[in-house]
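Labels run A, B and C following the written order; every chain starts at residue 1.
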Amino acid sequence: MKSRRELILALGAVPILAACGGEAAAPAKAEPTKAPAAAAPTTAAAAPTKAPEPTKAPAAAAPTAAPAKVLKVGLVTDVGKVDDKSFNESAWNGAKKGAADVKGESKYVETQNPNDYKKNIQQFISEKYDIIVTVGFLLGEATIEAAKANPGIKFIGVDQFQEKAVENLAGLIFEEDKAGYMVGALAALYSKAGKVGAVLATDVVPPVWRFGEGFRAGAKASKPGVDIQIVYHSDVGPEKTFDDPEWGKATALSMIDKGVDVIFGAGGKTGNGALYGVADRKDKGVVAIGVDTDQWNTVPEAKAVLLSSGMKIIDQGVADIIKAVSENKFKGGNVLGKVGLAPFHDLDSKVDAAVKTKLEEIRKGLDGGTIKTDVKPAKG
Amino acid sequence: MTRGRFLFVLACIGALVAAVETLRSPDVSAAVVAASMLATTLRFATPLTLGALAGMFCERSGVANIAIEGMMLSAAFGAFIVAAMTRSLAAGVVAGMVVGATMALLHAWLSVTLRVDQIVSGTVINIMAAGVTGFLSTEVVRRKAIEGAGLLPAWRVPVLSDLPVVGPIFQQQPIAWATLALVIGAHFVLFRTVWGLRVRAVGELPRAAHAAGISVQQTRYAAVMVGGAIAGIGGAYFTLEAVPVFEPMMTNGRGFIALAALIFGGWTPAGAWVASLLFAAANALHINAQQFGIPVPSQIVGMFPYVLTIVILAGAIGRVTPPAAVGQPYVPD
Amino acid sequence: MPPERPGAVVRLDAVLVPVLAIATALALGGVILWAAGPRFEGSYLGIGFVAEAYLSLLEGAFGSRAAIVDTTLRTVPYVFSGLAVMLAFRGGLFNIGAEGQLTVGALAAAWAGFSLDLPAIIHLPVVLAAGCLAGAVWGGVAGLLKARTGAHEVITTIMLNYIGGQLASYLLNGPLRDRSPLNVIAQTPKIAEGARLPDLLPGLHAGVLLAGIVAMVTWFIVWKTTTGFELRMVGANADAAAYAGVNVVRRMTWALGVSGLLAGLAGAVQVAGVNYRSTLGFNIGYGFDSIAIALLGRNTVSGVVLSSVLFAALRTGATKLQFRTQVSADIISVIQALVLLLVAAEQIVRWLYRLRAADAVTQAPEDGATAAIPPSPAGGEG
């Protein structure tokens, strides 16, 4: 993907998980800035964080993974579709790419109802798939259950923190608070009006909460006194909070009315709605920041106003783990994926060199642990 | 809608604005906040009002309509796809109306001609709309990578929209303006024209209307389809005025809030509009309060329209009376 | 029951129309699948694609032991909520609020399951009873409003659905939330072991038996008791029932209350048998599905059970269909809507297949009756 190659900032893995997980071990070193991330796919974050398990060599134990056979990768989405321009899509791209890289094949099943998680995973199990990717933290429990019952199959749980490592399950997790922090810093430093805003899906979903509160922390720290407006979309029921672009747009406009000139939209289509709202007012000089992927590529309508995106590099993370499976290097436990800022694209010239330098310092600080976001893993 | 309830609603909206005023941070002027909140309210109220008007024409003629949601959703899709294919936003709006009216035609055919229970017919349309739009958005929009045609440009009221504070209120897009016109138009049509009288007659006393020489069935067909076309405009709002994309289930239950607004407003255009404004203002409050760091329990805001409607139905703030013949198929002798 | 001559004719008709409706809906669904599939690629017409889609649907629902268990598990809540809608229908009332009643039933059951400390022998009954009670209250409110103020139950139950959803969101993020540090989901803690429904077979909980018992009890109440008779009288003609001395108001409240109770039980059984907790969002879609089930089952107990199996099978098999064909599972909703359409407007089916029009009872009542009940043979299974 183009976006990945153009990555200018990539946060490496940082050992916050060692503190709470116990299983997560020493993280990889942070990558140098401007390193072409795509060129070093299995380094840094995507490398499993747990020590190698000598027992149960996967290929031997797995009844399905005979060496000559084509590797089959199945993906189960959270409620939503694989073209959501957001995390399901990113994970699916990763699964496709990962499978293609090892000359395997890939298929998806889109979940329509939370009651179907188990059944949809089971579908791939019964078809003897080698790797099953489940997307979203809500599938966590079903994924763990399936992994325990099927030791011969490798599972990748995107956004699923593993409390206890299951050896055939890798939880691909992200430090959204750090991505949010970077975005918040960028927003505060870029804002001429001294007012920044974030339009988010429900705070009940921890990754959304971490993005939002990271944003708050980052903005506050890099420009004390900046006005921070954060609005979560929690009043429509959890299954709809990500699918309400109209609300996202109206909320963004409401912020623009009050002089906010940088808006971070995070939360599926609701967040995309905020980007559309900003695009609607581009004559006022407001800019937007996207989420999850480099939305300059996925939301063409907002290209002209898109300053950057707070990215979780899900696709590469998934593809790397698939590659690790094919090379028999797969390990269970938590795998820390990369987060970072997307390129400034069209607005690159509008970002001062001083701001870029400051962002680089912040990135290093987050990487090295000298800057803490102080965001809890989840609300409440 | 009774005068008492009008005052009640106005007091509620006033209280909501006042709440934000008192909660806001000091560096934004009160007028800016109020103006912005009103602009947001108008925006949110647009699909609700259109949905409520759609339901009103239908129910006033004696045909219950719980399918506003389904009509709006399918129209949102139709408007999107036609606008994308023709690259004409106007064609998209027309398509939305046609799709809405077509769904309404199905509703009328089922419930007026075949005398299927009107709630069942509405349920059919809701399930069908969700399934068909979800299916087509995957199989057509995704497969063919169809891109939207953009958004209807805002129509600015000269001078007023350039005012510093209240400017945002006067920068609405065409459908928002059309909604205001439709409220007035619907009121006029319903209460000042012969056709409106006929619609009300077949909804209240179909037998008497029939005896007076009015074709109950034809009038109901017409009213239901007029309603469907209005719901179609409401659907087009989502994909041509709000955001330039179609997403499955993007109407997000607003058709049911519109139904609540219709009831709350006592089945009158002005009442439905005011009720829509009230429900929209609650949402605007939620957004604005959060912007100033005031946590308003979101579930309370979420419940607000429905609880108020139940309260109204329980007769606590003045009872509402539905059209007498709503829900009943008419069987000519 | 030994079929008597006239009854047999009615019953054949009662089965024929739904079966033809299902067949027609599947055929139309096949056309849609065909249009979405890879047709006209070389000499390939795409017929095989449609066949494969339906075969995978069938296989996904019944093709293995696991599939049959899954379909059965999904049938159970449908039976309860379908019976709920049916019972209200019989009383001339339209309970569109099964989803909300199921939601609060699940909440109450989960609460009773994790917060109370009771011996196993009474804990499970208490959990189920809590679900029933909450559902009954939720339905009863609509019934009471209907009886007292005439507020239409369709409107109130829709509103109560949304209120129930918001209430669940509040409780599951607040007072009832699982506070263990690693839980990040809006859900209750798991209920006590003793509060869970035991498994009959591995993976298949005893709720299946309960569904059978409740179905029979419902049948008995509706067709064999005075209460049931009054209920059906009110449903057939409220004015006549009142004239005959039935307390219509009380019967309506009762009907919606019991209807809510059954829907609440559906939620409780899901908690006690499948999820062992209440999670936000698991209730999606039950409301409309149960209406469709009651209608397809022509408001008879056996019909509801069979329709529940059909709907459960469609939902269960959808995954395999999607997997094999990579066509959106929304096709299932389209087929369900078509089934409902054709069952509700059975004139279409009769016209399509040139069936003789049935008796007058298949038409909705004339204006003047309180609610138009979809066609069902008078007397039903009695």
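Just so it is clear, contacts are C-beta pairs under 8 Å (C-beta built on N, C-alpha and C of every residue); 3 or more make two chains touch, one makes a residue touch a chain.
Worth saying up front: this structure is predicted, and the values here are computed from it rather than measured.
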Quiz item: So what shape is it, when you link every pair of chains that touch: line, ring, star, complete or other?
Solution: complete
Quiz item: Farthest from subunit C in C-alpha centre terms, which chain would that be?
Solution: A
Practice problem: Can you pull out the chain pair that has more C-beta pairs in contact than any other? | Solution: B-C
Quiz item: Just curious, how far off is subunit C from subunit B if you go by their C-alpha centres, in Å?
Solution: 29
Practice problem: Please compute the C-alpha centroid of subunit A, do the same for subunit B, then give the distance between them in whole Å. | Solution: 36
Quiz item: Which integer distance in Å separates the CA centroid of subunit A from that of subunit C?
Solution: 38
Self-check item: Multi-partner residues of subunit A (each touching 2 or more other chains)
Solution: 81, 234-235, 237
Quiz prompt | Contacts with two or more other chains, residues of subunit C listed in rising order | solution = 165-166, 169, 328, 330
Quiz item: For subunit B, which residues are shared contacts with two or more other chains?
Solution: 138, 248, 253, 298-299, 302
Exercise. Write out the stretch or stretches of subunit B touching subunit C in their complex.
Key: 64, 66, 110, 114-121, 123-124, 126-128, 130-132, 134-135, 138-139, 206-207, 248, 253, 256, 259-260, 263, 297-300, 302-303, 306-307, 309-310, 313-315, 319, 322, 325, 327-331
Self-check item: In the complex with subunit A, residue positions of subunit B that touch it
Solution: 25, 27-28, 32-33, 35-37, 39-40, 43-44, 47, 138, 142, 147-148, 150-151, 154, 168, 238, 242-245, 247-250, 252-253, 283-284, 286-288, 290-293, 298-299, 301-302
Self-check item: Complex contacts: residues of subunit C adjacent to subunit A
Solution: 60, 64, 66, 70, 74, 165-166, 169, 173, 177, 182, 184-186, 279-282, 284-285, 315-316, 318-320, 322-323, 326, 328-330
Quiz prompt | For the subunit C and subunit B complex, residues of the former touching the latter | solution = 32, 36, 94, 96, 145, 148-149, 151-152, 154-156, 158-160, 162-163, 165-167, 169-170, 288, 291-292, 295, 327-328, 330-338, 340-341, 344-345, 347-348, 363-364, 366-369, 371-374
Quiz item: In the complex of these two chains, what residues of subunit A are touching subunit B?
Solution: 81, 83, 197, 227, 229-232, 234-237, 240, 243-251, 253-255, 257-259, 269, 272-273, 276, 280, 300-301
